[in-house]
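These are the structures, in C-alpha cells.
Two complexes, one shared chain (chain A), two partners (chain B, chain C).
The block that comes next holds the complex of A and B.
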C-alpha cells in the first residue's frame, strides 16, 4: 500500500520500502513512511505488528534487509554518532543500570550528549519527584519510567522516540510522558515519534498516525484526514436480517436484527445507492474514534489475509 | 477557561475546542475582550498537540469569535460573532432536537415544553438582572469607603 509522502527534505525520518524477516517470518513488509519535522507521529498496531522492529531500524540497531532508513538524512547504521546524539529514546522497559543512583544516572547520561542541559535535567528530576540519592533498582516501575524519560529528554533531542512508553503505567506517569511529548513538540522544529496501543493517547497528541498490521502499513496520514475519511453509518432494515448485510468497501459491519452499523473508509458516496439496493436506509452518520478505526482495519486486514491464503 | 476533551465519540479534538469556546462565549462565561490562554498553555493543560490548539484558534478567529492581537495574545471578540444565521440555527436545531426527544421519552407534550421555555426565560432574565444589580451595589460601597476615608 502506498501513501502520499511529504517532500523528503522536511522528513526527520524517511523509511522507504523497508523489508525485514526474522527467520521465516516477515516482520516488516515494504513499509514506507515519512515523519515531518515538528510533528507528533503516532505508530499503532497490536502486539507483534512490527512496531518495535521498526523503531529499532530508526535507531540503527537493525540493518534494513531491503529498502532504506534515513534519520536526519543520515543512515543510522553507518553513522550512529551523527544520529543517536540527536535522538532521545525511551523503551517500554527502560534498561537502566540498577546499581546507579539517580544523580549518577544524570552525570553518566550527560557524558553521551554534548547538548545535555544539567539545569533542565535537575528541573525535571524535581518535577518527577526523584530523590538524587535513590538507587535505580529500588525505584517503582513508574519512577523508573520517569528516570528513563528524564535521561531521554534532558539533551533536548531533535527527535524524541518513545516505544510503548505508557504500557503498564499509572495515569500520573502517563501524564508526565504526554507532557514530555507536548513540551518537545512545542519547541520549534522538534519531532516526536511514538508507538502505543493506548489509542486515546495517540489520538490526543498526534498530527500523523500510522497503523501497522502484521508487518503491513494499513493506514498512514494526518490524523484529521484519517478521521474525516472514516464514518460509521447506522442502517435500518424493514425486516430483521439473519446475517450481516454484504456491503462492498465496508471495513466492518456489526449489529443484529433491523439495525446494523457500518464503518466505511472513502466509499461514502457510493454507500447510499448500495444501501437502497439492499432495501435499507441510513438513519445516522457518525464520526468514529481512532479505536473504532483500528479495530475495523485490523479486522478487515485479518479477513483479507485469511481469504487470500485459502 | 475550562475545556473538557474526550476521545471516545470520534469528534476531532480541534472541533471540540472550537465548540466549547463558542459555548463559553455564547453563555457569557468568556466575556468580550477577555484573553484566552496562549496555545502552548492550553495544549499543556489539555494534554493535546499544540498544533491542534493552533488549528482550533484559527477556526475561531475565522469565525470571528476571537481576535488575535499581534504580539500580545488572543482575545474574545468585542463585537458579537458574525456567525451566519443559518449556522446559528444549525447549532440550536441540534439542541432543540435532543430536547424534543427527551420530552417525548418523558411523555411531556409540545405545549408544555413551550410553556417551560417561557418560564425558564423569565427565571434567567430575573437572575441576570439580580446579578447586575448586585454588581452595581458592590461597586457603590467601594467608592463610598474610598471617598469616606479621604474625608
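The block that comes next holds the complex of A and C.
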C-alpha cells in the first residue's frame, strides 16, 4: 500500500519497499515511508507489528532482504560510521553496560561524536538527577532510560531515534522524555523518529504518523490529515439490528440494537446515502482519537488478510 | 503437562536437548561399533584401539549430560548467572525446586553410565562400576551446588568447577590406590558412604542458598563484591576525555576483559607456582620442570580465556553483538583492532609478571644445579647466538599467547554459535585424537622405525615438508582473499606486524636448529615459522563482525 509522502529528497529517512522475514514469519512486508526533516514522526503498532525491526533497519542493525533503506541519503549498512555518527538512539530495553558509571558512559559516548556538547550534557545530567559516580546497574529503570536519553541527545544528533522510549516507565519519566523530544524539535529543528504503542503520546507530539500492523503499513501521513480523514458517525436505525450493518467504506462498526457507531476513512460524503439506504440516519459526527483509528485500521487489515487467505 | 515435575523436566530437556542428543549419539555410535566388531578382533592389537576411543567418547558423553543439566539462567541487568529466578514464583517449595534438577540429573547420568557399561564396554568391563556410579551421582549434586551457590562469582565458579573436575579423577582413583588393603577407609564401601554424606551436605547447602536467593537475599551484591567495588571507588578514576573513538573502544574492551589473563597468571604464580617452588626448592630436578610449566602456563590460560575473548561480550553466552556496541559510529575494523590491542597489552603484562617471577625465583630460592648445567650445554651449542635465541624464544611464547587470544576472532565475532562450538571442539578433539593415535600406535611406529630407519625418516620428513609447504601456500592464498575487504592502511600496518614477527620466528628457526642437525631440518623450521603468526583468519574478523552487526 502506498501513501502520499514528502519527496525523498527532503527525507532524512527514506524506506522503499522494505521486506524482511525471520524464518517463516514475514515481519515487514513492502513497507515504504519517508521521514521529513525537522519533524516528529511517530510509528505506532501493536506488539510484534515490526516497529523495532523497522528501526533496526534504519540503524543498519539489520540488512534489508528486499527494498532499500537510506538515512541522510546513505546506506546504513554500507556506511555505518557516516550514518550512526548523526543519530542518537534510545532503545526499548535498557542495554547500557551495568558496570559503567554515569560519568564513564558520558565520557565513552562523547568520544564517538565530534558534536558532543559538554555543557548541554551536564545540564541534562543535573536535570535528570543522575549522580556522576553512580553505576548504571544501581539505577532504576526510569533513571537508566534517562541516562540513555542523555547519551543519545548530548551530541545534538540530526536524527533522534527512540524505540518505545516510555515502555515500562512511570508518568513522570514519560513526561520528561516527551518534553526532551519536544524541545529537540522546537528549539533546534532536528528530526525525531519514535515508536510507541502508547497512542496518546504519539498524538501529543507527532507531526507525522505511520501505523504498522503485522508487518504491513496500514496508514502513513500527517497526523492532522489522518485525524481529519477519519470520522465517527453515530447512527440510529429504525429497527433494531441483530448483527452489525454492512456499510461500504467503514473501518469499524460497533454497537447494538438501534444505536451503532461507524468509523470511516474519507467516505463522509458518500455515507449519508449509504446510511439512508440501510434505513438509518446520522445523529452525530465526532472526531476520532488516534487510538480508535488504530484499532479500526488494525481490525480492517486483519479482516482483509483473512478474506484474501480464504 | 500434568505435574510440575513433568513441566520442569520438559523445560530442562528442551533447553539442553542438543547436548542430550549428542550424548545419545556418542553412545549409539559406540554401541553399534561394539555390536559390529567381532569379539575375536577385539582381542588383537588392532582391536585394542577401540577401548581408549570408547573411553574418550564415554567421557565426552557424560560431560554432555552434565552440560545438559547446567540449570542456570543469565540476567544481564543484574549480571546474575544462577538458579533461574523466574521459577521462584512457582507454587513449589524450595527443596522441590532444588531437588528436582538434581534428581533428574542423577537419574540421567546413571542411565547413560549403565547404558555405556551394558552396550559398549562389554569386552573390557569397568572395574568397581558401583563406585563410579556413586561418584557420578555425587558429582552431579556438587556440580549443581557450585553453579547456584557461586552465582555472581564468575571467576571463582570457573575455578571451583575446574578443580572439581580434576579432583573427580583423583577421587575416582582412590579405591584403586590401596591394593593391599592397608587403609580400610580407602575401601570402596567407606568411600561411597563418605561421598553419599558429602552429597547430602551439598544438597543442604544448595537448598539453603537457593532459599535465601528466593527470599531476596543473594541478589544484592555480596560483601566481597561490595568490598571490591568500594575499593574500586577509592582508586583514582580516569577523568580525561578519550582522544578518539578507537581509544574509547580500547578502554571499553580493556575494562571488560583486559585484566583477566594477567590476573589469572598472577594468581597462578602466587598461589600455585610460588608455594610449589618453595616446597621443592632443594630439588634440582623440579627447577627445570617448574620453569617449563611456568612458561607454558600463560599459553594454556590464554587458550582457555581466548574462548571468551573472541566473543563480542566476554561474560555473556550470547554471541550476538550487543546493541549498545552495534550503534557506535565505529567501523568493524576499528572494533577488531581494539580487541587485538587489548589482547597485546594483556599478554605483555602477563609475560612481564612471568619474567618478574622467574627473575626473583631463580636467584633467590631455586636450586639451579641442573638448570646451570643445561645452560652451559646450551651456550656450548650456540656460543654466539644463545642470548638472541633466549630473547626470541620468550618473545615467541608471548606472540603465541597473543595468538591464542585472538586467532578465533573471526569465529567468535560472527555471532554463529555452530561455528563457535565446532571451532572449540576441533581445537580440543584434533590434538586429543592425534595424541590417542600416537599412543595407540607407538609400538607399531617404533618397530617400523627400528626395522627401516632411513626409509621411514626420509618418507616422513618429505611428507612433513610437503604438508608444511602446502600450508604456507594455502595461508598466503587465504590472506589475499581475507584481507581484500579491509582498508589499505590497516592491511599495510598488519602486514608490517606480521613481517616483523615472522622474521623473528625465521631467525629463531635459523639460529637454533637442533644440534647435530643430522636430517637437516632447518627448512622445515623455517616453514613452520611462516605459519605461527596469525594472518588470514584475522583478516576475516571485520567481515564476521559486520555480518553480526547487520544481521
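Here, the second predicted complex is superposed on the first by the 307 of 310 C-alpha atoms of A that agree within 3 Å, B and C clash if a C-alpha of one lies under 4 Å from a C-alpha of the other, contacts with A are read in each partner's own complex, and residues count from 1 in each chain.
We adopt the following convention: a contact is a pair of C-beta atoms (placed from the backbone, for glycine too) under 8 Å apart; a residue touches a chain by one contact, two chains touch by 3 or more.
It should be emphasised that the depicted structure is a prediction, and the values quoted were computed from it without experimental measurement.
> Given the superposition on chain A, are chain B and chain C in a clash or a fit?
fit
> Looking at A:175 after the superposition, I want to know if it touches chain B, chain C, both of them or none. Which is it: first, second, both, neither?
The answer is first: A:175 touches chain B but not chain C.
> Touch check for A:111: first (chain B), second (chain C), both, or neither?
second
> Should A:59 be classified as contacting the first partner (chain B), the second (chain C), both, or neither?
In the superposed model, A:59 contacts chain C only, not chain B.
> Touch test for A:207: chain B only (first), chain C only (second), both, or neither?
first
> Between the C-alpha centres of chain B and chain C, what angle is found at the C-alpha centre of chain A, to the nearest 10 degrees?
Once the structures are overlaid on A, chain A sees chain B and chain C at 140 degrees.
> Look at A:94 in the shared chain and tell me whether it touches chain B only, chain C only, both, or neither; answer first, second, both or neither.
The answer is second: A:94 touches chain C but not chain B.
> Residues of chain A touched: more by chain B or chain C?
So, of the two partners, C touches more residues of chain A.
> In the superposed arrangement, does A:164 touch chain B (first), chain C (second), both or neither?
Once the two structures are laid over each other on A, A:164 reaches no partner at all.
> With the two complexes superposed on chain A, say which partner A:84 touches: chain B (first), chain C (second), both, or neither.
second
> Between chain B (first) and chain C (second), which does A:133 come into contact with in this model arrangement: first, second, both, or neither?
second
> A:227 contacts which: chain B (first), chain C (second), both, neither?
A:227: touches chain B, not chain C.
> Pick out the closest CA atoms of chain B and chain C after fitting on chain A and give their distance in Å.
When the complexes share the chain A frame, the smallest chain B-chain C C-alpha distance is 27 Å.
> Enumerate the residues of chain A that count as touching chain B in its complex and touching chain C in the other.
none
> Once bound in the complex, which stretches of chain C touch chain A?
It comes out as residues 76-79, 229, 233, 237-239, 241-245, 247-248, 251-252, 255, 322-324, 326-332, 549-551.
> State the interface residues of chain B toward chain A in the complex, per the touch definition above.
For chain B paired with chain A, touching residues are 5, 7-14, 40, 43-44, 47-51.
> Give the list of chain A residues in touch with chain C in this complex.
The contact residues of chain A facing chain C are 56, 59-63, 77, 80-85, 87, 89, 91, 93-99, 101, 103-104, 107-108, 110-113, 133, 135, 137.
> Would you mind writing out the residues of chain A in touch with chain B in their complex?
Chain A reaches chain B through residues 39-40, 175, 178-179, 182-183, 185-186, 199-200, 203-207, 224, 227-228, 232, 286-292.
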